[in-house]
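Chain IDs A, B, C and D follow the sequence of writing; residue 1 opens each chain.
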Amino acid sequence: MSHTAHLETVVREIAEEMAQRTDRGEVASYIPELGNVDPGHFALVVTDAEGNVAAGGDADVPFSIQSISKVFTLTLALGMVGDRLWRHVGREPSGNAFNSIVQLERERGVPRNPFINAGAIAVTDVILSGHQPREAIGEILRFMRFLAGDPSIVIDEKVAASEKRTGFRNTALANYMKSFGVVENPVDFTLGVYFHHCAIAMTCRQLATAGRFLAYSGKNPSTGLSVVSAERARRINALMLTCGHYDGSGEFAYRVGLPGKSGVGGGIMAIAPGKASIAVWAPGLDKAGNSHLGRIALEALTKRMGWSIFGV
Amino acid sequence: MSHTAHLETVVREIAEEMAQRTDRGEVASYIPELGNVDPGHFALVVTDAEGNVAAGGDADVPFSIQSISKVFTLTLALGMVGDRLWRHVGREPSGNAFNSIVQLERERGVPRNPFINAGAIAVTDVILSGHQPREAIGEILRFMRFLAGDPSIVIDEKVAASEKRTGFRNTALANYMKSFGVVENPVDFTLGVYFHHCAIAMTCRQLATAGRFLAYSGKNPSTGLSVVSAERARRINALMLTCGHYDGSGEFAYRVGLPGKSGVGGGIMAIAPGKASIAVWAPGLDKAGNSHLGRIALEALTKRMGWSIFGV
Amino acid sequence: MSHTAHLETVVREIAEEMAQRTDRGEVASYIPELGNVDPGHFALVVTDAEGNVAAGGDADVPFSIQSISKVFTLTLALGMVGDRLWRHVGREPSGNAFNSIVQLERERGVPRNPFINAGAIAVTDVILSGHQPREAIGEILRFMRFLAGDPSIVIDEKVAASEKRTGFRNTALANYMKSFGVVENPVDFTLGVYFHHCAIAMTCRQLATAGRFLAYSGKNPSTGLSVVSAERARRINALMLTCGHYDGSGEFAYRVGLPGKSGVGGGIMAIAPGKASIAVWAPGLDKAGNSHLGRIALEALTKRMGWSIFGV
Amino acid sequence: MSHTAHLETVVREIAEEMAQRTDRGEVASYIPELGNVDPGHFALVVTDAEGNVAAGGDADVPFSIQSISKVFTLTLALGMVGDRLWRHVGREPSGNAFNSIVQLERERGVPRNPFINAGAIAVTDVILSGHQPREAIGEILRFMRFLAGDPSIVIDEKVAASEKRTGFRNTALANYMKSFGVVENPVDFTLGVYFHHCAIAMTCRQLATAGRFLAYSGKNPSTGLSVVSAERARRINALMLTCGHYDGSGEFAYRVGLPGKSGVGGGIMAIAPGKASIAVWAPGLDKAGNSHLGRIALEALTKRMGWSIFGV
């Protein structure tokens, strides 16, 4: 059996196994647009270096990518200001829940990493830097469409509006950072952009395509277009590995062994450097706020394909 | 130039570059045995899959491996009790300094991971489990000699005695865990074993050999002897990546891109899965308590050899 | 010498001593309206049970009462909802700085006491409860005028506007409590009222009069008008004693021995139960954010008059 | 009815009311000597300025005074080193549980006040200062006998031995402070003295007598013997008010309105300055670790006698 055929078999098997599991976690319920999603959904899409795509489940159903967008805003912000970004945000795991404010008090408003909420808000603030929110939102959306090679990607405005209406904790984080000068734009502007990029809706097929530059030294191997330098791609992967799953990052590294970023919509994007870009979606979450079956599916995938970055 | 010759050149160049640097960090000073070490030392040893060894600098000068021993006690404890170990210690980065006690109060005495002090004490307590301290110390030492293939490795009793004499913070951590029942043996016994395994003295050559099982699916490829399963080797590597450098773990992953474990004696063991086992020694430390030049040397090595686990 | 003459002498002496001191602390500088106040000001006014007033220094110069207003909003809120208030705020010293957010995370958004910022915002939210901000502000101002017997008291709108423009930390606190449902009104409404009552400008003479009900079992002894029950007056005094000076409350109790409440404008209102209502003003603050000379003056006053509640 | 007759009636009534209550809290259970105490006990003894004693319930049954001893060791240490004591311990409420270690990390090993465990250990260390533990224990015991005017007071050695055997958390605190140099003697010595003074057994009658110097300007009014200056007596009372009931100090001030110190044996000593020294004992504790019925009895007593320091 060819490598591609083997991969397709593995992906199909995993999709079937996940469809049958009854332990599906709990769907995020803080806004109705997430709370009403059917926990029965499952999708897994893997794109390899040659551009072959193995897809299982609801691969073409769009979902709210939520915090997965933070990988792309980080990429965009690094492209805009380079290492100056690290004046606004750190590179260490947080040891706390995704929306903790305790660490901000101890470290004078500088969030620990770009993937907790506070850190992603600080990154968004850098992208905004003096522009109108609408322009920044447009810039981020164009970047997502470019990476996914799909101009049909949109922002779910209902999700964005709900996030804004209920986002008191994020508003607290942003104001807190503002009090230390870490957030520089008007808080409402920065949060407006943040809530919108978290509300981008994508399918697993789109997401797996969008992540390919991280798997192949910063370039999309099919188009040859360079997104970032090889070093920057490695570093973004390192950040995903250490910080991509909030206070479940150690567990994800231990079990899955790939850099990845989860979102509260139940999606996870994972990267097998040199081998594959992967997207999985299963709406139910575990206690740390990461997709329950998504993690289990990725664990099965890396084991069967021998893709762990920590050894065969 | 052959791969081996290339590696030897790179190792020699890095050793020369490091010898010339004047930014050498600060030698640990809490005990005289560490405080009196010459910050001018530097050693780098790389062992590849074929057993070729490239060595630069003071490759045969023994130093106090300190917290690097925690990788080996973790391996030993997993071999003794398997996944039951995780009742005593977690698998998440701590987000705090190596000797913080704050997290223990919040999480009822269970340390976040096996590589912070509290976690390593909990692991040592599992190894001890009812035996005499002398027996447990002997067991750990035999394991180190077996892994390094060198029966001459010894414990520096002066270091162990100094650690014990000044180890009030570790005594606090152990008693604190004892108050929650996480430490089960008499605190003095557990700490006695802990202080002794931290006082093992090894050379970079010995250390690079000892780490080979982690690079090659749990086996020493030269002897063929299996130490752990391939899955366990991957998982130990994952823990080193996320937690191996205290509150500098994110930074090490970001810059070096290899699983590694540092010690306050200035040593770092790093693993390039499938490619190499590496030991570096430079006594001066950075603010997070990790070898300053050791990290810089490893960053140069992975960049020049293309060994980052996060992509080429 | 009569008691009244003695008191007048003591007040005059203290005012003279304070005028000569060169250690005056640092004026709060986060808004220009406070930062521009002359640190040379000093005022001390004592009103006894008979209504005699002993005044020294700038007794008729108005200043921003800031957090002293929290005693009066607490009184007002208790009058409106009684002990139901304690669902929104606790009664324990905080052990943290006045604007800490750490405790809120640990205790699910319920502030420790009504005198730290978060607690006072929660109290203000109770007063607002469904009304328009303008109505609530009017209610608070009318209450202050009634207590001080002086309809000329006003809010310094410039101070209120500056507080609002720079109040990111308070906005963070309010949104954080809102995320737990502890703040019930729109955050902007609650903060609008909060910033306004902190911006009330009063003289020491007015303030000493306004506090009289706390010294005399809940009644103004001159007018005979009852403000609160005797038990409630005692309890408000108890809260001032344990929590009235942020993380300097223990120190104030230890040195002065009276219930009191400080404000960042440099004012302190203190109560000698059964004996006197006291107001002092010296704009320079100590490290805990309390009036430096104000505390020293009160220490001298209680010592010379034998007024400590902890014994003669 | 004379004042004395009124007091006797009130004390008898309260003792009767408490005997009938079924809500008695939970007896401390961490050592058998406390866990086996009958929660049905109740005692209340009040000594007034003239030396009249009003006693109700089990006034002559000895109990373990535990943390109440911290008031007396504080008094002794202040007598030995004066204000230099405050280099070792602070004067602020802690905002944390009685045995919290979190604050020690933040404030470099200096405990917040002399009445939390860490603070009392630091005070004990000052008393010990170079002497043998046996001498320091003897000194403290002699001081208690002198204050109570009763040479029969002893230490319950079984309690002391149990405390030592199970005192891992206190051992953690002491070692932690030792690591910062705040504890100067060998940890075992300091803890030995600490465990012994907490194990002093006294009756309410003895305790009420021992506290009299705090009610009357530092002197025992019956013997005329001076223990401390009037100022020091006031300051110790202030510390009891703000810190005497752990994280229930604010609540005790709010409800009872007297300086007081509780112990986990169910005792509370309270001081009505100028009016009375009070001891109460009811073994069941509330959630903050203070005597449940003891606090309720004192609230009734101060209300009926009009003794609150916060007003009549």
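Definition applied: a contact is a pair of C-beta atoms (placed from the backbone, for glycine too) under 8 Å apart; a residue touches a chain by one contact, two chains touch by 3 or more.
Fair warning: this is a prediction, and the values are worked out from it, not measured in the lab.
In terms of the distance between Cα centroids, chain A is separated most widely from D. Inter-chain centre distance (chain B to chain D, centres taken as mean C-alpha positions): 48 Å.
Once the centre of each chain is set as its mean CA position, chain C and chain D turn out to be 32 Å apart. Per-chain CA centroids place chain A at a distance of 56 Å from chain D. Residues of chain D found to touch two or more other chains are absent. A list of each chain pair in contact follows: A-B, A-C, B-D, C-D.
Listed in rising order, the residues of chain D touching chain B in the complex are 100-102, 104-105, 168-169, 171-176, 178-179, 187. Here chain C touches chain D in the complex through residues 90-96, 103, 112-113, 214-217, 230-231, 233-235, 237-239, 241-243, 247-251, 253-255, 257, 259, 273-274, 303, 308-312, going by the rule given at the top.
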